[in-house]
Structure formats: C-alpha cells, structure tokens
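Shared between the two complexes below is chain A, which pairs with chain B and chain C, respectively.
Moving on, here comes the complex of A and B:
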C-alpha cells in the first residue's frame, strides 16, 4: 500500500510537468489552432540558457526570470520571422516546419552545450517538506509552480483586456481586426507566452531527468497525450490530463507491464479513451456546418 | 475515347502533345534508371536501391495522407513489419528473398486495414497521436522477450545478400537494384491505375468533402480503412526490399525517426502526386549526407534549415514547384500565339 501511494504521488509530480508542457501546447493551439512539435525543444533550449546563466554566477531566481524573458522573446521571434512568412496551403506543411525547428534546436543545443548530461539545480530545499516521506520538496514545488502558472494564465485570459483581445483574435481573426485588434501581434504574443510556459516546465523537469538535448522528447509525447485527453481547447483539461497521464504511466510501469512497454501501453489507453470520447474529457465538441 | 483525333490547335491537341511529351520523358527516365547501375559504383547503386525503396513507401503514404487526407506519424511500423517478415522468412525459414516481398505486402495490407478500422473515429491531431503511438510501440514490441526467439531482440537479424540468378554477370548490388526497380515499376503502375480510377476519385472526394462524398454513395468507412490497408501494403513491400538491401534489421532502425522522415518525404516531394514520391525519396536519402558535409558539428541543424527552406520556397513540394514552373513556361510560350489568333 505504501509503495502504491508513493507511485501515485510520484506520478502526480511528473504529471505536473506534463501538465505544464501540455498547457503550453494548448496555449499555442488556442492562438493558432496548431500543435507545436517544437515546443519541447524550445523548452529544452531555454533550460540550457538558464543553466548557462546559473553557471555564470547569476542567482537562481534571477536566472529563472531572465530565462522566462528569453523564452518569451524566442517564441515571439519564431512567430514573427518564421511562421508568419510561410505561405501554407495545408497543415502538413506547417508540421514539417515544426519538425524543422525541432531538429534545429536539438542540434544547436548539442553543438553549443555538448551532449553530455548536466545536473540542473533545484530552487527548493533538499529535505522533504511537512514531514512526509512520499514526495521530495522539488516534486511538491514543481506541482505548486504549475498550479501558480495555471492560475495566472486563467486570470490573464479572464480579467485583462489583452487576454480578451487574444481570445478574440484566435476565435475570429477578421472581426477582431475590424474592431482594432492587431491579430498578428496577438499570435506572436501567444507564441511568446507558450514558449515562456515551456521554459518554466523545462526548468522544473531538468532537476528530475537531468539536462541533455533529448530530455524533452518523451515529455513532449506525454504532454501531447495529456492535452488531447483533456481536450485540446481546455487549459484546465490539459492540467487534469497531465496529472492523469503521469499517474497512469507510473502505476502501469510499476505494476502491470514494466518500464519498457509503459510508453506504448499508456498511449494505447489514451487512444482507447479518445475512441469513446473523441474530443477529450473536457473539450468542447466541434460541429461542422455542411 | 481516343478514336477521334482532336483537330490541331485546340486545347485537346495541346493536352495530347503534353501527354506524348510526358510518355517520352517517362521512357527516358526508365531507360536511364536501367543503365544507372552500370555507370556508378556499387555503393552508389546501393544508395539508389534505397531511393527506390523509399519511393515505394512514400507512394504508399501519399495514398493515405496526400490523396485521402489521413495523417500518419506511424508508417515506420508498417515498414518494420515488412522488413521483419523478409528477415524472418529468409533467416529462420530459409525461404528465397523474392518470396518474402508478396508475403510482407499481404500481411501489412491486413494489419493496416485492421488498424484503419478504429482509426476511423479519429481525425487530425488525434489520428496523428494514434499513429504516433503505433510508431513508438512497434520497436518496443519487437524487442519484447516473448518474440525474441523470432526477431532476435535488440541485436536484430543479419541476412545474406542474394546473388544474381541464371548465371548473370552482375554484382549483388546491381542485381538487387534491378530487382527493386522492377518491383518499383509494378507498384507504381498499380498505384497510378488505382489513383486515376474510381477508387482514387473516391479517396480524394472523402478528403475534400467527407459529408458530400458519403451523400453520393461512397462507403466512407470502407474506403478509409482500405486506404490504410493499401498504404500499409506499399510500405510493407518497401520494408521487405529495404531489409534485403541493407542485409540487417534491428528494432531501433524503425523508430519514430523513420516515420517522421517518411512524412517529411511526401510533403517535400509533393502531396498527392506520384512523381513527388521520387523527389521525396531523393531528399530522404541524400539531404542528410549533404547536411553532414556542410557542417560536421550540427548536421541536423542544417537538415532543419533545408526543411524550412523547402517549405518556404516550395510550399507545394518539389513536384508542385516543377509543375508551376512548367505551367508558367507554357503560358509564356502560348501568349504570342493567342495574340496572333485574335
């Protein structure tokens, strides 16, 4: 029983990471109706920037916020200089551009920072909090950070004028332009925000999985699954989906199929859910007009 | 249909001359392809064998994604099934290499059709995830200890390259190239007939207007599953040929990377186009080498720049760009004639 509780809680901790990457995916999807395959690599690259800053003697929290700023500008720049200039006739072409970005970030990170695995510091204390033995303080902290980010995002979209403008630009670009919203900049802002959320996720996950150029590959896949299972247009759903996938993965890996097959089994289960509920647990059902 | 010769100077005559030009071009390309192994080195011949193999796989994926509009990020799995069928039949059962190709195709047809049935409920991103799951799971399944006896586990299987039959004076590489070329021609003729006929029109109709297509009496579910099956069959045949050419199969060579590079190949080559399969295959086979020559430090960054650059300059793929250029050239040539006429 004790190990079971531990497995579930550890699953919740990694689930928190999946949730924050899923959140970033949902953000870009809300702004552009695309799934960004390069999201994980952008997060990994930002985490390397944080690592370089910390190694250069910058205190952790200063590096943390500097990195978020860097990621924001990176996302903005990618939308402004790359995505905006691609005349696409189908989604597949954009998917190829995302794959291109993915391999570029991966390769450049490997080239600048080498492929050797690096230890990334955690901002949270070593000893576990509240006298419990299930979760390390970093895992607790990561969940807390995810929840804070989610609340901030929700408040941003719900209460600020800018958030309202961004939602409008995504839902109806033409009408938004007519009422004076600068749609292109709203898109770029969406990319920037998503990249910043990704960077936070990267910095939270790096102390657990260690920093290397391929660290986000598996995480991105789980995040996709989380975003889809929660419903691609629902930020809250992404968080629930992330936690669900984390627990599922951990418990299945520990008790049912062993470590090697757990990725496949988790995915098959998720597809099983999608077959019954094609728009995800919390997604709104899309109706097409003929 | 062609019993009445169209009068000279009409669009029909222009279409007929364009068709004649295309046939001549095709004949030249086939002759060049037959001569190729006798003028380049054995290693290059081997590389071009792989180009043909990829072209077959890309045609298969294009039937599914280009013509039928169903995305697949897991075609590496069907390629793996084809490759393992060939390897197991040759190494464990002692069957001749040519017998493995139809078996690989047939098995993949069935597996693809069965996978296509549940996939009917999924579209877009969700289908991408489902097929991705297939692509991710396949190498893990091949490594599984219950099938290790057949698949050789992580180590994989080494197979022997077949010699030329009937006492022909050809190196194994040359013979294998010609063997692959023959199968490529057969597969492309079948594919071409499939796509330009009733089935192809049904597939395109489902892609463009699924609701209208089913209203016109097309069995959407059947055709979509069939597209999956046929597509998997092509990829399986390619997998078997690829395994025979490389003489080695191992789970890790059929990972997600293979699936993604197949998808890249059809988009770069040109979606919903038959010649596009060859352009895409050349891209998959040669661009990584070129990228490696440009920068040893970060070859994949160069590869990524190639990808984005191609999409930037040729959003319709290489085949689309060639068609556009061709149309522009003809347009320029035909303009003065039009002015004279009226």
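Moving on, here comes the complex of A and C:
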C-alpha cells in the first residue's frame, strides 16, 4: 500500500511538470492551431542557461528568475523573428518550421554544452519535508512551484485586461484589431509566456531526469498525451491531463508494464484518445460544415 | 463631389478611395464626406462596395486615396491606431468574441481607453440601452441570439466612446420589430451623445429615415448624393431601392 501511495504521489509530482509543458503547448495551439514540437527543446535550452548561471556562481533562485526572463525573451524572439515572417498557411510547412526549431535548439545545446549528462541542482532540501516518507522534498517542491505557476497564469488570464486581450487575439484576430488590440504583440507575449512556463518545467524536471540535450524528448511526449487527454483547446484540461498522465505512467510502470515500457503508456494514451475521443475530456468538438 | 454646403470641415472626408481584394478592384474612386454629429448612410445593392468602403476606412484592407478624420490623414495607418482616434467599427457578421462572456466582449470594446472609472460607468450606460445584455452579462457571447449579438456588437463599439461609429448592416438577420428598436437607439445615441454615424444598409427605407445624408453607391462609385429627404424622392432610388 505504501508503495502504491508513493507511486501515485510521485506521479502527481511529475504530472505537474507534464501539465506545465502541456499548458505551454495549449497556449501556442490556441494562437496558431498547431502543436509546437520545439516546446520541449526550448525548455531544455533554457534549463542549460540556468545551469550555466548557477555554475558561474549565481544563487539558485536568482538564476531561476533570470532563466524565466531569458526564456520569455526567447519566446518573444521566435514569434517576432521566425513565426511572424512565415507567410505560409500550409500546416505541413509550419510543422516543418517547428521541427526545424527543435533540431536547431537540440544541436546548439549539444554544441555549446556537450552531450555529457549533467547534474542539475534542486533548490529544495535533501531530507524529506514535514516528516512524511512518500515524497522527496524536491517532488513536493516541484508540486508547489507548479501550483504557483498555474494559479498565477489562471489569475492573469482571468482577471487582467492584458490576459483578456490575449485570449481575444487568439480567438478572433480581426475583431481584436477592431477594438485596438495589437494582435502581433499578443501573439509574441503568448510565445514568451509559453516559453517561460516551459523553462520552469525544465528546471523542475532536470534534477530528476538529469540535464542533457535530449532531456525533454520523453517529457514532451507525455505533455502531448496530457494536452490531448484534456482537450487541446482547454487549458484546464491540459492540467488535469498532465496529472492523469503522471499518475498513470507511474502506476502502470510500477505494476503493469514495467519501467522500460513507461514511455509506451504515453503513446498508447495518445493513440487511444485520438481513436476514442479526439476532442479530449474537456475540449470542444469542432464541427465543420462542408 | 456634391458635399453639403454647411460642411466646412467635415469629421470624415474621403477623396478618391480605391480598394479591393487581391487583383479584384471593388472601389473605383469613392468620395464622400460626413459632418460631425450627423448620420450618413451609404446605400447600394449587394456587391456595390459598401462593406468594402467601411473596411478600407479602418484599414482592414489597404486603401488607396485620401481619408481624413478630424483633420488627420488616416489612410496609411493601421487598424489598431485608427481605433485609438475614436472610430468604432461594427463589422459585417458582428465580430463577436464567441467564447468570451458578454461582459468581457464589452470590456474589450473599451480596451484602448485609459479612463477606468468612466469605463465602469459605461457598462451601465450600454446596459441601459440594451437591458437584455445586462441579463446575459455572464453568458458566453456565442450563445446569444442573433439580435442580442447585434446589440452586443453595437454596445462593444459604444464602449470605445467613439466619435464616429461605422455600422455595417446592423439590421441584417433581425426581426423587423428588433430593427425598429435598434434604429431608435442609434438615433438616441446620435442625438444624446453626439456620436457621428456612418451607416451601411440594404434596408434603404429605414436607413433614409434615420440618416441626414445619403450616398448611393453602384459598382464602386458614388452615383448620387444629397440629403436623405432629397434622395428619398429621387425616382431612380424609389424604383430600385425603396420599391414604390
């Protein structure tokens, strides 16, 4: 029983990280109607920046916030210099741009920081917190950080004028311009926020999976599964999906398929959702008149 | 062009406006003027270029020609900047943010305004004009009826506190009773708040009753203009647009 509780709780901890990446995917999807395949590599690259800062002697939390700032600017820059200049509306061509970004970030990280696996520090204490034995303090801390990020984001989109304008710009760019919203800025802001969320997820997961240029490959797959389960157009769904995938992955890995086939769980989930309920748990069904 | 004599310095002055979509030219040199505080209507059949004119005025499509608003050239400006001068556009198809609530739609209408306190009061002002919207304030706007969405579109534009309101077929798809109500409110807005209105309508009879001045557009050109009173009595207009 103890192991089971541990597996579920640890699943929630990694699930929170999947949820963050899934949320970043959903944000970009709402603006572009595409999945950003480079989301994971952007997070990985930002995590390397944090690693470099910490190695240069910057205190952890300072490096943490500097990295969030770096990721935000990186996201802005990708929208401003790359995505904005692509006039093509062909899905296939845009997907190739995303894959191109993925490969670029991956190779540049390998070139700058080598492919050697690195230890990434956790800001949380070594001994477990609150006298409980189920979760390491890093897992508990990661859950806390994820909750704070999700709450802040929710409040931003729900209560601020800028958040409302971003939602409007993603939904209806033409009407947004007619009320004076600078749609291109809102898109850039969306990219910046998505990249920043990804960076936080990267810094939270790196102490668990260790830092290397391919660190986010598996996590991105879990995040895809999470976003699809929740419904690709539902931010709340992405969070629920992330937690669900985290728990399923851990429990199935421990009791059913074994550790080696854990990633397969994500793939089965993706295919299963697409076959059975393509709109996900909370997504809206798209009806097109032909 | 036949600009009314009283109009020394019009609020909106359009000279030789050309625009189109891709290679298709729709407007072939439209000229008209609109006096501050007036209601002016553009009449014409389907495809004459009325909607295109409104779109060109607020740069939803690139205009060629000279458009002056309150003494400033606006024909090279972006839509977002034209809005900031106080031009609100109620577009064809209403432009509802369907996934947002009624109240959020209205809040977006006031997006460029800085006077927060006055914006809060303006919610009550537009709910005063359209009490139905107050009842639906937390409802998702996409679930409103066509008439309610039209009221929402007009209200969203009013939230800007515009100097000029561009209305594209506000009567489209509405029951006659609701059209009557809507037009009465438009008149009230014009008289009480001195909002100038440029109205594009297919319902020529109603438009001419509301407007002071009218321009008749055919295939991208102004073919007739004058006070509504005069235009209403023109034989060609009566035969083609008013049906008597």
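To be clear about the criterion, the second predicted complex is superposed on the first by the 281 of 290 C-alpha atoms of A that agree within 3 Å, B and C clash if a C-alpha of one lies under 4 Å from a C-alpha of the other, contacts with A are read in each partner's own complex, and residues count from 1 in each chain.
Here, a residue touches a chain if its C-beta (ideal position, glycine included) is under 8 Å from a C-beta of that chain, and two chains touch if they have at least 3 such contacts.
The structure presented is a predicted model; accordingly, all values stated were derived computationally and were not measured.
J.: Once chain A of both complexes is superposed, is A:161 in touch with chain B (first), chain C (second), both, or neither?
T.: The second partner, chain C, only.
J.: Should A:114 be classified as contacting the first partner (chain B), the second (chain C), both, or neither?
T.: Neither partner.
J.: Spot which of chain B and chain C makes contact with more residues of chain A, would you?
T.: The larger set of chain A residues in touch belongs to B.
J.: For A:55 in the superposed arrangement: first (chain B), second (chain C), both or neither?
T.: neither
J.: Have a look at where A:151 lands relative to chain B and chain C in the superposition and call it first, second, both or neither.
T.: So A:151 meets neither chain B nor chain C here.
J.: Should A:92 be classified as contacting the first partner (chain B), the second (chain C), both, or neither?
T.: In the superposition, A:92 contacts chain B only.
J.: Go through the superposed model and pick first if A:35 touches only chain B, second if only chain C, both, or neither.
T.: first
J.: Of the two partner chains, chain B (first) and chain C (second), which one does A:228 touch, if any: first, second, both, or neither?
T.: Touch partner of A:228: chain B, not chain C.
J.: After lining up the shared chain so the two structures overlap, which partner does A:274 touch, if you call chain B first and chain C second: first, second, both or neither?
T.: first
J.: Taking the touch rule as given, give the residues of chain C at its contact with chain A in the complex, in rising order.
T.: Going through chain C, the ones touching chain A are 58, 60, 78-80, 83-84, 88-89, 91, 95-100, 104, 107-109, 111-112, 156, 160.
J.: Which of the residues in chain A end up touching chain C in this complex?
T.: 161, 164-165, 167-168, 171-172, 174-183
J.: Quick one: in the complex, what on chain A touches chain B?
T.: 35, 82, 85-93, 95-97, 99-104, 106-108, 110-111, 221, 224-225, 228, 232, 260-261, 263-264, 267-268, 270-271, 274-275, 278, 288, 290
J.: Quick one: which bits of chain B touch chain A in the complex? Just the residue numbers, please.
T.: Against chain A, chain B makes touches at 65, 71, 118, 121-126, 128-130, 132-133, 136-137, 140-141, 143-144, 211-212, 260, 263-264, 267-268, 271, 297-301, 303-308, 310-312, 315-316.
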